[in-house]
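Reviewing the structure listed below.
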């Protein structure tokens, strides 16, 4: 992951894009790319896996830039969030159902 | 990254949630969580870094589930996309400007 | 408004698109078009008013189809929501500040 | 519609919120509310019509504020966009199919 992270940051550095990559602009960008991903599931069940993979990659790349811009460690924030989720969704009550924790 | 990935999949398995995690449902979920991230930048410049970190983690977790549901390797799709982006945004023409590749 | 509504529905009928316009598909479509609108504010302060107007119209058109698909009256749901908002955001406490009602 | 529009603007004026309602902030808000609407269709087919109506109203209210902030006439921009859409989606080629105009 570190190696991947470094490549993404190098790409940004070469283009001098860090100045555009404010947390706010990246939050907008993540939403925009997510919608492009969703577009592949707008009307039909079929999708082109290569196109979907590209859109998913775009969302991830902006997430990595966001983590960098906020000095966050991706592994750490995911593990922290999963710990919280484990409390909100205890196995016995959430098993096999998709209810929100507020309705469990 | 592999270790992290395994933890995320274990969480899903314990709750028997894979049946809800269709590519379409995950695409919706990524959009929904992205908007919750964006909400922290809706009106003001200030944000709470811990809350932002949690929302960013939520986006990432769903992205990991999506990669799993489509049998995609995260590292591979990111590197592939960055190769494409490098062609769309050559250093000399995109350096220091935020124009879309269609307008470069 | 009624006249406008009729035009929008006629457009749909002529193309036999009502079968695609399920509430779920329209909810996805509204999110997708909203992101296209947001894209005009992704990196820069300048925007092209005609392009923005088109994206805003797309969001509105899908909202109208959604109201139709759910048999909702647009005027009524807006007035109802504003009544609720007036209680959540009393003039004296929300005047001039952008805090969420949960933080007022 | 004019009457409705006036009510929405009065609500804003009473709270002195016009200063927050920049086109950019409203574009973010429309995306955020759209995702809240989409959340009702995230995992299940069932939805609560009253909750969905409220979220749809929120999207519409922000769209109205956006039209106001950009001095756009809602009826006019919708009719203009539908004219364009009619050219992109001619009845004979788009009838009964959900393909994007680029693939027709």
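Labels for the chains are A, B, C and D, by order of writing; each one numbers its residues from 1.
Everything that follows uses one rule, which is that a residue touches a chain if its C-beta (ideal position, glycine included) is under 8 Å from a C-beta of that chain, and two chains touch if they have at least 3 such contacts.
A quick note: this is a predicted structure, and the numbers were derived from the prediction, not measured.
The interface with the greater count of contacting C-beta pairs, when A-D is set against B-D, is B-D. Chain C and chain D carry the same sequence, and matching their CA atoms takes a turn of 180 degrees, rounded to a multiple of 5.
Residues touching across the chain A-chain B interface largely coincide between the two copies, over half of the numbers being common to both. Centroids built from CA atoms put chain B at 2 Å from chain A.
With centres set at the average Cα position, the gap from chain B to chain D is 25 Å.
Of all residues in chain D, those that touch two or more other chains are 20, 28, 31, 34-35, 38, 41, 43, 98. Chain contact summary for the complex, chain D toward chain C: residues 1, 4, 7-8, 11, 14-17, 19-20, 23-24, 27-28, 30-31, 34-35, 37-38, 40-41, 45, 47, 49, 52-54, 56-61, 63, 66-67, 70, 72, 74-75, 77-82, 84-86, 89, 91, 94-96, 98. Those residues of chain C that touch chain B in the shared complex are 28, 31, 35, 43-44, 98.
Of all the residues in chain D, the ones that touch chain B in their complex are 20, 25, 28-29, 31-32, 34-36, 38-39, 41-43.
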